[in-house]
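Below, chain A partners chain B and then partners chain C, in two separate complexes.
Here is the complex of A and B:
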């Protein structure tokens, strides 16, 4: 039987300016602590969240992040969904390649971020925006 | 505008980052430090990040920049006190923190800086000074 993901709680946060990054990280940490996530997993999740929220500010002019506590079978986790209405990504496969970056960052952005979480999903429509969703399980 | 204090101790500059930096604060620190190195002719910069709960690629780049800029100004940079969870995350993320030395804590970091400077300042004894070149 395939396990279902159940949403236990929902919260969202608007990201408009660089000053929103630190409070947003704090909010994610609160939820991660609440479900008893280990320190290493918390650090990975918050770092991944920080990378994605910066991408969203840089390329998408900000957006909204949905923060959900979810459960699947016996495991709890945090799902973060970053949605922006920016220019979108024309070639997702290229953006997911190690070492690729269109901005002046280190080029570890998306592939590096993906390595930090358990599930990573990206959808983008050029001209309409990008949605990135990540899941970090408490014991993942 | 908030600023991270930079303390001068002899030939070294000390920075203890006590809060999670937002971007502006981090870029200010970068430029303040380079100016301080220039003004005080510091030979070493020690940055304590033990209170930082995360280091993302932005923060990693700032630390790397401080290291490279200080190097050009003839000062060594050592980053100390990284939390184990932060180190694990950095490596998985693919960040190497190039251009800076690292040490476990402030004490070890100071030792490292002193060694680096001693080896820079005191070229081998007078005896072989003439023989070389």
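Here is the complex of A and C:
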């Protein structure tokens, strides 16, 4: 039987400018520390969050991030959901490829983020926006 | 006969100003430490003067009218300067709203025989003063924001020192997040110092950088590349264990750059390149 994910707490944060990135990372770190995540996992989660939030600012013109503490069986974790109303991604498979960038960056943001977290989900409708959801378990 | 309210107010200007000043002086939050009474009087007179000059019976009810623009300008200037001088929002608000009290008081005494005109005049005055109040807060916040922006700039400036640790070796401790603006400052400072000091080795210490994501890495790689173009070697130090793991998982390739765990190790490496040696001095025994 598949275990249910139970949401323990919820928080959301608006990201509109580059100045919002640092406070946002601070908030994510706070939650990660609260559930007792190890330093390495904390850093991975924060780096992934930072990566996605920068993408959201750069391509989606900002958006909203939902920060949730979730529980599945014995494990606790943090789920972050990034939603923007930007132009969307036409070819997700291409965007997830290492070394591809529509901007002038290193092109490792999305695939790299996927490697940093336990669960990664991306949905995008061109013209309507993109939603990325990641989960990092405490002991993952 | 319908009385001309704006004319009436203009006639009573002195009285209004006196009332207004008294209102302000009577308030418990008066900040004599920030502004002298003479200054306050001058400022108030200027604003009232502008307001009454702009005020006509036609535009009384139209707060967006063109004639009020210079008044708003004066008010905005006062509000911004108050924000910078350290007045609280409350004190700034009282400044404008005590003018409203003064105006209303004059209207009340002058028009007490004509209730319908009085009501009309009071409503209009209220509306006008409210819009002036809103403007005050808007500009007050803008003034505060300017202070914050200036401080941000200052922090960027002071948080990127370039240190000469040895003849020919520069160290640059980076603290905080490396965004595009910071990188620009870091790079400029570093490259300039390389020329000024004739150094051949630069150590970038990132112990104080909380997270290295692909953007930060990209900025680091660019800085290293620019340093190499200047003919200097660049070493990145202060890579913490968790950062190392994250960088690997993220898939950032830093293999072309010399990286060390600590600044001490980086310095040692730099000494090696420069063929320098640090030795403990053996004291010779004096017989």
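What we mean here is this: the second predicted complex is superposed on the first by the 140 of 140 C-alpha atoms of A that agree within 3 Å, B and C clash if a C-alpha of one lies under 4 Å from a C-alpha of the other, contacts with A are read in each partner's own complex, and residues count from 1 in each chain.
Everything below uses one rule, namely that a residue touches a chain if its C-beta (ideal position, glycine included) is under 8 Å from a C-beta of that chain, and two chains touch if they have at least 3 such contacts.
If you're wondering where the values come from, they're calculated on a predicted model, not measured in any experiment.
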Task: Fit or clash - chain C, chain B, common chain A - done: clash
- [ ] Could you tell me if A:18 is touching chain B, chain C, both of them or neither one (first, second, both, neither)?
- [x] both
- [ ] For A:4, select first, second, both or neither according to whether it touches chain B, chain C, the two together, or no partner.
- [x] neither
TODO: For A:93, decide between first (touching chain B), second (touching chain C), both and neither.
DONE: neither
- [ ] Look at A:111 in the shared chain and tell me whether it touches chain B only, chain C only, both, or neither; answer first, second, both or neither.
- [x] both
Task: Steric overlap of chain C with chain B in the superposed model, located at which of 26-34, 62-70 or 188-196 - done: 188-196
- [ ] Determine where on chain A the residues touched by chain B overlap those touched by chain C, and list them.
- [x] 18, 21-22, 25, 39-40, 42-44, 46-47, 50-51, 54, 98, 105-106, 108-109, 111-113, 115-116
TODO: Flag every residue of chain A that touches chain B in the complex, lowest number first.
DONE: 18-19, 21-22, 25-26, 29, 39-40, 42-44, 46-47, 50-51, 54, 98, 105-106, 108-109, 111-113, 115-116
Open item on the list: Help me check something: in the complex, which residues belonging to chain B touch chain A?
Closed with: 20-24, 53-58, 60-61, 83-86, 88-89, 92-95
TODO: Can you check the complex and tell me which residues of chain C touch chain A?
DONE: 176-177, 179, 210-215, 217-218, 241-243, 245-246, 249-252
- [ ] Can you check the complex and tell me which residues of chain A touch chain C?
- [x] 18, 21-22, 25, 39-40, 42-44, 46-47, 50-51, 54, 98, 105-106, 108-109, 111-113, 115-116
